[in-house]
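The next part holds the structures, each set out as structure tokens.
There are two complexes below, and they share chain A, which is joined by chain B in the first and by chain C in the second.
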Partner chain A sequence: MNSGDKVFCTYADTRLKGTYITERDGKAVIKLDSGYNIGVEPALVEKSESVPAKHPEPKKIEQNEKLSKLSIISTGGTIASKIDYRTGAVTSQFEADDIIRAIPGLKDIAFFNAHVPATILSENMTPTIWRTLAKTIYDEINSGVEGIIVTHGTDTLAYSAAAMSFMVETPVPVIFVGSQRSADRPSSDNVMNGMCSAAAAKSDLGEVAVVMHATTNDDTCAIHRGTRVRKMHTSRRDAFRSVNTPPLGKVDYPSLDVKLDSHAVRRGTNEPVLNDKLEEKVGLIYFYPGMAPEIIRAHDRYKGLIIAGTGLGHTSSACIDSIRELCENGTEIVMTSQCLNGRVCDRVYDTGRDLLAAGIIEGEDMLPEAAFVKLMWVLGQENDHDRIKELMQTNLRGETGGCTPHGL
Partner chain B sequence: MDYKEIGLKAGIEIHQQLDTKTKLFCRCPTVLRDTAEKNGEFQRYLRATESEMGEIDRAAEEEMKKQNRIYTYYAYDTTCLVENDEEPPSPMNPEALDLSLTIAKMMGMKPVEQIHIMRKLVIDGSNTSGFQRTSLVALNGKIPAGARIESICLEEEAAQRVEGDTFSLDRLGIPLAEITTAPDMNTPEQVREVAGYIGMLLRSTGKVKRGLGTIRQDVNISIRDGARVEIKGVQDLNLIDEVVRREVKRQQSLLYIRDELKKRGACVSEDKFDVTELFKETGSAILKRAKCILAIRLPGFNGLVGYEIQPGRRLGSEMSDYAKKCGVGGLFHTDELPAYGVTQEEVDKLREFVSAEPEDCVILVADTKKKANCAIGQIIKRAGMAFEGVPEETRKMLEEGSTAYMRPLPGAARMYPETDVLPVNITGKYWDSLSIPELLTEKEKRFFEELGLDPALAKNMAYSVRCTLFERAIEEGVKPNLAARTLYSTLRELRREGIDTKSISESDILDILKSVEKGDTAKEAVPDLLRAVSKGESVTDAMEKIAPSISREELTEMIQNILKERSDFVKEQGMRALGPVMGVVMKEARGRADGKVISEILKSEIKNML
Partner chain C sequence: MNSGDKVFCTYADTRLKGTYITERDGKAVIKLDSGYNIGVEPALVEKSESVPAKHPEPKKIEQNEKLSKLSIISTGGTIASKIDYRTGAVTSQFEADDIIRAIPGLKDIAFFNAHVPATILSENMTPTIWRTLAKTIYDEINSGVEGIIVTHGTDTLAYSAAAMSFMVETPVPVIFVGSQRSADRPSSDNVMNGMCSAAAAKSDLGEVAVVMHATTNDDTCAIHRGTRVRKMHTSRRDAFRSVNTPPLGKVDYPSLDVKLDSHAVRRGTNEPVLNDKLEEKVGLIYFYPGMAPEIIRAHDRYKGLIIAGTGLGHTSSACIDSIRELCENGTEIVMTSQCLNGRVCDRVYDTGRDLLAAGIIEGEDMLPEAAFVKLMWVLGQENDHDRIKELMQTNLRGETGGCTPHGL
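Up next, the complex of A and B:
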């Protein structure tokens, strides 16, 4: 029996007509003509002679070449997801074209070039794919597009946005967008996020940003800086928040009016540069009370390690020896905070001073994830400890700043 | 009318809210709230998506015609992110599954081996997700009232409309059993009888919600040469047969119109006329205000657009229902003009302008150009359908039992799998473990035959929401009559007095009844005690205040005093004095002693006196 075969099934003394979907947990799953699926003993199902219904051909997308040109680069994720017959779960299998098809309003905003460098669930993202993505973005910038939209799974979207911020210098907007609710539901946030990201990609912005719902309402999307954004909720549509900085701007929906804040980097400020060297031997750990020093020692011979410490940036005194050993062996250790909001300062308490003496670098007000990709990138360029320290504490892509804004 | 002769076929779908602790796909309580208690609101857009078969449902497509599909939702401290469509659903509530399968078992159905949860596309705003979760749980049963039961589905209740495009999330997600019968019913009365029986059966579980809106019936009706029409949301069982009768009349009338149109050689002209100028100086406020007035001519339709097809409804009303989908308020047709401020002179000018012959009908719509254009298109569409007779469609019930067009009948394309909830296997062992509750009809019989309640009280008690409490009281030694009268009559009387009987807890009622049985208080004191408890007093305090128990000696002394004061009367009347004196004693005792005991003492004291 194949998916889509027309079948009969005699069940509960009734001859039921339906379509064979798949076999799962030892049961044949049938879609009855009423639309309901049920699972029955496979032996009860017989193939019908009738011809299976034809699936409608996907509609051809007609784009308007007169509109400004944008690139849409798909890496997979919920915004590009569809039900999988085999598992019954949602998987990423859309291509960029399907996104334009799924969001019909897009074709009135711009003419899109579509690229699919990867089709993955975002937890499967790797530095190798980052390199491919960076190259694709760079090539698209050079081809003269007005802006770029990268569709991405939301779980690691912030990491990728931060990585691209360092790997590609861009004169045009590079907008990361995703959706929290799958594209096959009438309430999906993919339409509004997609439309707003296209508007942002045409705006006066000139940096890597993330565009997602600003509130639970379908009324505004926030534009977040790629190095300052974090997913703060597992499922809400307004999960993405800027940390330690206000958002770069907002896009109203459905008007698609874009308003940029004064601190947003403007279009054309930078020249396109691709610098995709990354040191992959970098770790990121979360300190917790009672953490065994072995966990830190396990990162011996890593080129870099980010610790999300407590409060102002601490670990227990018990961990300090192991940290010192690693630093002496050449591992660059950068201290950030689990608090996320606020700045690290290891000069207030004894432990902090001990950590500084052991050789850690204060991670300023960087998010641990942003510090992580930044360290990978810095280590890809530099070997000298002082130079590495200087770069880690210098604002390169808006990931850190001299003044910490008030308010959470 | 001979309904068999005209080929009436009717089936029903009963939607019953289940009284479970939590909702079907989240752990929020199943309580309804006052909208004033909302603690948040948000706005969302909905749009139609393709099913897993790559099709868009026709009913959803129709809904997409609506210009502005933004909806507002009210949230509460008893709703969560699942209702907000911002969190994946929890596994299906096992209590609701138990209950729906128990109902299936009561109707002799067979459970589905593996239940799959589906999403049924509904983008009218009543579901935040744009779909309703539903699953087929059992198939093929039969009930004594004579109908086959095709299926039972367990689904989530939709959000309740507050007004317009605003919905309240409290009701969303309450488990709902949907029971579908085969189209086996051939008379309106049979429909009512079957619906009544299923309702009784559902209530027999003791775990269904009661009250207005907790049970809704959809009726599917067709007659020979007619078409299947689904009438949504009949809430009142007493109207269900009338709904069927009126739908039969409608289908017959539409068939008459069809034949008449064919006889006349009528047709639909698609020429649109802009007649805005014609009504520049009109006395009709609606037309005068309109930015654009469009007209069409329906050759051969004269008199038929205004033909009554149901009480208060004409073919024109059906066309108007279609037009309203475009956001216009309605239409005017020459079968009803001159009226609404339009003069005969204007009608004549209009007819002349569109070159209408006497046998033609002219239809007008007035609104913005865009809306009027859309509405004219819909009217042309519906006029064309008049040649087919009865269109298949989903209709909504109006007051009194007539109906109006809602949307086309949805197809299977509106269903696709709910990917966030795993299928549920129903094992034989689980199915066998479900026990069937006693039917209310059996209960009624038992209360009459075994407990000695009079027939009316037996029925009232069996069907009462307090039935479980009644049975518990009997189990704990309360006499059936006392329990039934208190729980049915006394509470009802108190409610009529305006007392909030809902605030009296079941255990307080039980305590009061038990104290009567123990002789600690008299049954006459029960209403006063319940009154006091409803105001927040404890049972003990209330008894102390209202009915401090009185000893047999005290009672005897009281009776002797009363008799002494009336000795002349007693001597004159003899035992006949019992009745009148009884009243005096009862008043004096104020419920502190049982009537039977009083009567016993009184009798012997009168005897002594004589």
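Up next, the complex of A and C:
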């Protein structure tokens, strides 16, 4: 069997049609016509027709050097992984050609340089890769490009966008984009998201943002601030939502008209700065009723801990002694809310006041995930508790403040 | 100083007006005119006028015995805690009179019996109190009331509603209600929520539900299924939202017309059953990039663990060995998604397939918090892995299945 062969296979007693990709761990990997990959016993796979798979050498794409220059930085994920139609697998041989072949409209928008600092499923993102990514972005900014597109798996895209917001100050747009449905599925969002990300990367924006479908229609992408965005659905194309703030703007499709809101940071506002120190010993826990204090204490050697408490930022009284112990031993604990929307306020109820007395820092209206990344970054810069607290409560990258009543 | 005295106090160098409540831990507790309580040095409090606080003996409320009978079960929280205007504090001397005095319209709706199985801030809810609450609800059902209202702090209200959904099968409405703003604030939601909860408790519903403001206007309450609701804002009155399913219905205000959706379970469908066994050794963790496997292993003596993974239900590959170890040692691990909306599917990507091979159970489209409560309950009934898996993936109380595309 060769990669690309059309096959029938039997899976869960059902006969399915698909494309043979490769053999892995003793299983034949088949891309079903539905777009999903499955692994089946090789003996249960048969060629469906005699037409051999064709692997024509892909043509070199001619780019127009007179257009504005954009960088495209790939880290893997669905939007990148489906570019190679022959195997359905992630390719590390990623060049500008590959993405232009997948999204031909791009070559009318800009001249692209491509970089591949990582090829991972985004759930495997780590602080180490964040540092490599930050350096790549910073170098590309300094090379003079008009904007940068970062393709990224959607699982941890929002965490990475928040991380880059803190690690790199940028005068040009740094646009994270992903795809919820792979290119070989009829409902794929990769072309529209890719085109809109390029338009946003050429726009007047001057900050780190995420560009993804705004609705389930193919007519608008939203531009979300990197520190205020969250993946709010497992599979919908409009899964990404701004929380506690309106989106920075939108990109109409197919016109590619970009409209930026007044609170979006404009191109050229900031000088490029790379500050990639991160304290990796930071945790994030969501409180739940009956949580044993031992779960707090399991973080006693952590430099930092984000708690996503209930409501205005609470844990049970039973957890407060352990929280105090950690604070006294130098763990910086920041309280956020598992409500996600709204602002923490620990001065209203007794439990909150007890938590403040125990030493927690109120995380204002930051998303728990953005607060997690910010605390890693702040602890990479500072040792002094008062200064750490001040930075955590200061709006550095639009991650807090300006909460609107329309944020839900 | 007497409870109820009008005072001026100085807090953070600001002169504030309020009402003296009591002295606690060496601090004078003042209810500010904004509705918030603060604790200040007693020396910084002065009476604002010479009019002494009046504590007239509250009149006995006449209830109409010819009306339908409802039970009101109080567990504490903002809606109950502000009923005693004199002290602003939680009272355990809670009688039907107290809530009717706070919401006088109730006495035209029904004849109320009151019970106080607990008086807690809801972040201190525990499985033990859930058992007491379940027994109280079950006994009230058997006493022949037409419906039950449970007043509850909003922090963990959704967890408790999910817990009661599993622990008590009910032929009559069991309506959880809370208040995001206390009764002494102009924007309080306690009267409208209380009135709508009584209307819902008399309706044709036959399941556990949550009744809270549907919008920021005072015109409609939503009726949410107990296993599908989540507090999605720290302070807004419409913080409670149905996830992955539409609300069960709504109550218009002030008409109190109840409209139930076709998927709402109707009155009399189920016989009363109390099944209050819970396995308390169950945890809930939200995965984040770079999470150390030691955080998984900190749960190695747990009988059950819910993971809220990224996207379709993923952790990093680095965590999978620890997950496998726990599964092999008998911890039941159920995967849900931190996206909250949408369905877990671990068959799409390699990481998901590896997690399935390690032994996780897919949590379908259950909220992590509902799955957490359900797993405690299922492990209270069953020891056999296959049977536990089957129950976790079976729709028992509307907690999974029937996912609509409008759930976001």
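Here, the second predicted complex is superposed on the first by the 331 of 408 C-alpha atoms of A that agree within 3 Å, B and C clash if a C-alpha of one lies under 4 Å from a C-alpha of the other, contacts with A are read in each partner's own complex, and residues count from 1 in each chain.
Keep in mind that, in the parts below, a contact is a pair of C-beta atoms (placed from the backbone, for glycine too) under 8 Å apart; a residue touches a chain by one contact, two chains touch by 3 or more.
Since we're looking at a predicted model, the values are computed, not measured.
Colleague: Is A:Asp218 touching anything from chain B or chain C once the two structures are fitted on A? First, second, both or neither.
Modeller: First partner only.
Colleague: Looking at A:Arg185 after the superposition, I want to know if it touches chain B, chain C, both of them or none. Which is it: first, second, both, neither?
Modeller: First partner only.
Colleague: Tell me the contact category for A:Thr156 with respect to chain B and chain C: first, second, both or neither.
Modeller: In the superposition, A:Thr156 contacts chain C only.
Colleague: Contact-wise, after the overlay, does A:Ser235 reach chain B, chain C, both or neither (first, second, both, neither)?
Modeller: both
Colleague: Applying the document's definition of touch, where does A:Asp13 land relative to chain B and chain C: first, second, both, or neither?
Modeller: Touch partner of A:Asp13: chain B, not chain C.
Colleague: Could you let me know whether more residues of chain A are touched by chain B or by chain C?
Modeller: C
Colleague: Regarding the shared-chain residue A:Ile38, is it in contact with chain B (first), chain C (second), both, or neither?
Modeller: both
Colleague: Mind sorting out which residues of chain A both chain B and chain C touch, each in its own complex?
Modeller: Touching chain B and chain C on chain A: residues 36-39, 216, 234-236.
Colleague: Show me the residue ranges of chain C that touch chain A in the complex, using the header's touch definition.
Modeller: The contact residues of chain C facing chain A are 36-39, 121-127, 153-156, 159-160, 216, 231-236, 238-239, 241, 280, 283-292, 294-295, 298, 308-318, 337-345, 347-351, 353, 368-369, 372, 405, 408.
Colleague: Mind listing the chain B positions that touch chain A in their complex?
Modeller: Chain B reaches chain A through residues 42-50, 52-55, 60, 70, 81, 84-88, 109-110, 112-116, 118-121, 123, 128-131, 134-136, 138-140, 151, 153, 411-417, 419, 423, 425.
Colleague: Considering only the defined contacts, which chain A positions touch chain B in the complex?
Modeller: Of all residues in chain A, those touching chain B are 11-14, 16, 19, 24-25, 27, 29, 31-41, 53, 55-56, 58, 83, 85, 88-90, 180-188, 191-192, 215-219, 234-237.
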